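First the structure, then my questions, so here it is.
Each chain gets a letter, A, B, C and D, in the order it is written, and its residues are counted from 1.
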Amino acid sequence: MRHGRRAIVFLGLVLLLAAVPPAAALLGQPFYVDLLRRVMIFAIAAVSLDLILGYGGMVSFGHAAYLGVGAYAVTILAVYGVHNGVLQWAAAVGASMLLAAAIGAVSIRTSGIYFIMITLAFTQMLYYLGISLDVYGGDNGMRLPMRSQFGGLIDLGNGTEFYYLVLGLLVLVVLFVRRLVDSRFGMVIRAAKSNEPRTRAIGFSPYPYRLAAFVISGGICGLAGALLINHTAYLTPDLMHWTRSGDILFMVVLGGMASTVGPVLGALVLLVLENALSNWTEHWQIILGPFLVLVVLFARRGLGGLLWREERDG
Amino acid sequence: MNLQLVLEQLLNGGQLGVTLFLMAAGLTLIFGIMNLVNLAHGSFYMVGAYLAVTFYRWTGSLVLGVLLALPATLLAGAVVEVIALRTLYERDHLDQVLATFGLILFFNELTAIIWGRVGLFTNLPGWLSGSVDFGATFSYPLYRLVIIVVGIGVAGALWYMVTRTRLGMLVRAGASNRTMVAALGVNIRLLYTLVFGIGAALAGLAGAMAAPIYAVQPGMGDPVLIQAFVVIAIGGIGSIRGALAGALIVGMVDTLGRAFLKPALATLISAPAAQSAGPALASMLVYLLMAVVLVLRPEGLFPARGR
Amino acid sequence: MAEPLLEVRGLSKSFGALSATDQVELDVLEGETHAIIGPNGAGKTTLIGQLAGDLRPDAGRIRFAGEDITALDAPARSRRGFARSFQITSVYRDFTALDNVALAVQAHAGHSFRFWRAARGDEALRAPARAVLEEVGLGARAEVPAANLAHGEQRQLEIAMALATKPRLLLLDEPVAGMGAEESQRMVRFLATLKGRETMILVEHDMDAVFTLADRISVLVYGRIIATGTPAEIRANAEVRAAYLGED
Amino acid sequence: MRKIILAIAAGVLAGALSASPAAAAEKLKIGFITTLSGPTGIIGKHMKDSVELALEQLHGKVGGLETEVIFGDDQFKPDVGLQVADKMVKDDKVQFVSGVIWSNVMLAVAPAVTEKGVFMIGTNAGPHELAGSQCNRLFFTTSWQNDETPEAMGEFMQKQGINDVYLMAPNYAAGKDMLAGFKRTFKGRIVDEVYTKLGQQDYQAEISQLRAKNPKAVFVFYPGAMGINFIRQYDQAGLHGKIPLYSAFTVDDTTLPALGDNAIGLWSAGYWSSELDNPANRKYVSDFRKKYGYTPSFYGAEAYDGIMLIDSAVRAVKGNLADKEGMIKAMEKADYASTRGHYTYNVNHFPIENFYLLRAEKGPHGVVMKVERTIFKDHKDAYYQECKMK
């Protein structure tokens, strides 16, 4: 049982999250349903980044781009009267995958710091594109005309139903990514991260595999974008601001890279911490900043590393 | 479009270029020698600006203010290096990006606490505030000419330092072979702290010179930082020559794009379409340029050798 | 004489003014063990890099099994039957020994765009990998993470990964480098069992190993092959002696 | 070290999740959203200080009820603003949400608040959607509709017979609204219309273009730090005094301390000035200066008015917070001592009010905006007919 404790942590986390809506109702604190729904949506984005970052070694400093594209896809369809959720979300995932294919095709040729910079550059371009798209609110952003419709099956306007949908999707995404990284495909991208010359020498060309991982990751993050826009019901190019990419990156590292479950933990701690600190003082960033530095300096394997440390390979 | 306007815009581009060069030079030195990606470099730009304004107010002299801000920023850089960044040299770029991202938040908030959130503004002293007339119709702000001259002077001094002095020799050697420099019996930690401090001071100089013309406010370093990264990615990370070339290219492209893209587009497509596409494209232009450069030359235009 | 398996003609590569390989000519016959020796800085590393496909030559061409492979990169050459070990041991340190070899098997078992089944439970990969590990004598160490293997074991693992790709040509870059006397003898004995069965290019400093294993030897000095011949011929060659005497 | 970090993280997490203020009985709760962090935090400070001054003057009792004001920071981001508003409505169970500087934040916050049956009292942003198609009975504002201020400026310049005007604004929706509002009343020749990057610091390239076109006048909309940069660079380029500069939301009491003498002689338009002479304003401005030591801005005056408007509503229903209809009726009368003097509400709950021509001049309290003349008397916004309330 190599991943025994990690599985237990995940199960515990899911049970805890599942208990939030009734507990919040009991305590008369419905706000926490919203907060944790937001946490879970970002957790999906963080897990998607973990696929290419933790397992594939690709430090994308522009992951917010797919969050944005997913949100824009849903909103644009809604503006033109298409409210069918299945259609909207498929478009969000599809558009994100297309974009990831284009960005990845160019970026994956570079490596190291250049990869970080080029992914950042592409996201900056999209950010400025978003600002100049007046039809969809430009910099001001715009309200989502109507939440995605699922023919009476699920009502996203109902906070609790939406919450459990997000929880379900989060569990699915985590299981899917786990499955993926243990498959033949996953072994190739992990091998290429661990030792690229060796991987090439035994006959793998890492490029197409990395690109495929990049595209899958973009697609999942696009789904998170579709969820996020339904959560906030408000579209803004700020979704693609470079600091947002930094936040997602930090969630992954905080929770523990290459652990799938870790990023969920990272999203939870970062967003709840941010919420608590900003309630406490307007100068909350002076605490959050050093916290980031300390985590990087002293908790390199992230929170996951603390919780299931003894199970690391080797 | 007249020649005079083009000339004026070229000067504007040059001024942005030297500012970016001062930022990029430190960034690329620090990367080349210590292999550190320092997102907090923009914070030194901000710190330099704040200190220059503060000293300017104390002493009543802008020149003195800027001159005092330089060693102070150098010191600030050295302190940050010793306290927080030293342990990051052996880490991967991801750790560095995140830790220095945290430092940005810290510095932005710290300046907000010390100086408040309201922008600090200073006026140029009288002798610097006018404009220089070239002929009857063409004039240019004097202070901006001064910035260009100082920038060129610093670029020259930096070139001299890197190619002609012992420190420069160590810096160049350190960039290509760290263990060798250590073997020479040089105190490598001290060398690193010094180089980091110099890099910070260069950024501080850029900020200090910008202080009298821009708003000095928390977070003012962030947009400059992103542009400086574009500069060094285009020029080739770790190369001073690349930083200079990249800075001038980005300065020109950005300035000329903002000035002439809309009228140029208007001749191709309809005026309203140009009205909306022009500014959007102009703000995306340098990123587009960077992507194209990296596609054609994944290591930038002037890749640093020996790494 | 039959066509050689590997045919190198006029291979040159320079870095700036420094000519690392200069008009290298080399024939490797099917089934032979061909050693390449030379003093430090002779260009051995560059030559290996060009043979493996990591470095693009400035001039010259390489033919393998009748096909011009000069323009192919390392993965493409691997798929055509090249396999190599690295001068500095190169394995997946986070993976177990079995995972390492299974990856090599996987690389030659069709494309890897298979997203669902767990690779670690896939007997089509595991069984052949286990067999190769047994063959190199690491059968008992299959589940140990590579980072925890002894240095000699890691070198064996590298060769196991090479063998798992069912290569037609083994490129061994200093396989006994950094080993103790006993370890190194064990490795030489093991390589001897492959002799005749596999075609091997052996780049090595250790002269004992070279003269024990090689069928033919080529001597590389200042980027040029100055002599090729049987071990006896090379021992007798005055030019080679001069080159090495200068070294000693 | 690891353990410490983990312990801190766990502690904060637990603290955050367990902090649950008990639901209050008949206590008035007002959520006030503004921008407190980041470069634009200065505007939030003006507003927050004004709210606290209002509370002090009411002895902590708005409408006679024990009052708690919860401040929220939107970080200049609509989605964060929405999150803050959600928390106020659902968690803190406020009866009023007030504040909001930015139109984009307002467009996110206002519908979310009103659809939960909670009052939204805007104190700055006035996007045209809320004045027209998306107007709501529970939404009131103490400010204006965005377009009105540039309309006033355009009206003045039109009347002056100024021609060949050069327009500049940041490239985002409010920037375009402002120039659109200006063009609604200004019918003269426009030399060029230039949009710059939002948050841009250096305008030298654009100023070079401007000089080359040699216009007769310049009209700009550059709020916050953008305006400070633009005006100083305009001055350094030697254009101050050569080409007259008119602006909206650019020269105000949040930017005047920074602009200093650079601003003297610049024209602006607005519904309020610290120099406006009426009893409520005199009291507000002098108390404010006494308490905080600086001159308040229109942002502060609106926020102060917001609290006073709520006070009048709660008083009218004698503290019965369940009587929402009663409070709507009361607020529609605008029966309180506003810092702008008396005004009335239009059908869309936007004020019908005066707009003045303002000019920056040096006085005993530093440079302030002097009222030169009234441009519009009892002005209505351009969208109220689109409002189909009820």
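Everything that follows uses one rule, which is that a contact is a pair of C-beta atoms (placed from the backbone, for glycine too) under 8 Å apart; a residue touches a chain by one contact, two chains touch by 3 or more.
Note that the structure is a prediction, hence the values are computed from the model and not measured.
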Inset, instruction - Please flag the chain sitting at the greatest distance from chain A, going by CA centroids. - result: C
Legend entry - Length of the line joining the C-alpha centres of chain A and chain B, rounded to whole Å: 32
Inset, instruction - Report the inter-chain centroid distance for chain B and chain D in whole angstrom, where each centroid is the mean of the CA atoms. - result: 35
Legend entry - Inter-chain centre distance, chain A versus chain C - centres from mean C-alpha coordinates, in Å: 43
Legend entry - Touching two or more other chains - residue numbers and ranges from chain C: none
Inset, instruction - Would you mind listing the residues of chain A that make contact with two or more other chains? - result: 128, 131-132, 134, 283, 285, 291, 295
Legend entry - Residues of chain D touching at least two other chains: 37, 41, 171, 197
Inset, instruction - With chains as vertices and touches as edges, which is it: line, ring, star, complete or other? - result: other
Legend entry - chain C contact footprint on chain A (complex, rising order): 179-180, 182-188, 191, 194-195, 197-205, 209, 212, 313-314
Inset, instruction - Spell out the part of chain B that touches chain D in their complex, as residue ranges. - result: 2, 4-5, 8-9, 12-13, 15-16, 109, 112, 116-121, 123-124, 129-131, 139, 141, 143-144, 210, 213-215, 217-220, 223, 255, 258-259, 262, 275, 279-280, 282-283
Inset, instruction - Could you please specify the touching residues of chain D with respect to chain A in the complex? - result: 1-3, 5-6, 9, 12-13, 15-17, 20, 23, 36-37, 41, 73, 77-79, 82-83, 86-87, 90-91, 103-104, 107-108, 111-112, 127, 170-174, 176, 197-198
Inset, instruction - Write out the stretch or stretches of chain B touching chain A in their complex. - result: 31, 37, 84, 87-88, 91, 93-95, 97-99, 101-110, 112-113, 226, 229-230, 233, 237, 276-277, 279-280, 283-284, 287-288, 290-291, 294-295, 298-300
Inset, instruction - Spell out the part of chain D that touches chain B in their complex, as residue ranges. - result: 37-42, 45, 171, 193-197, 199, 201-202, 204-206, 208-209, 212, 225, 228-229, 232-233, 236-238, 254, 257-262
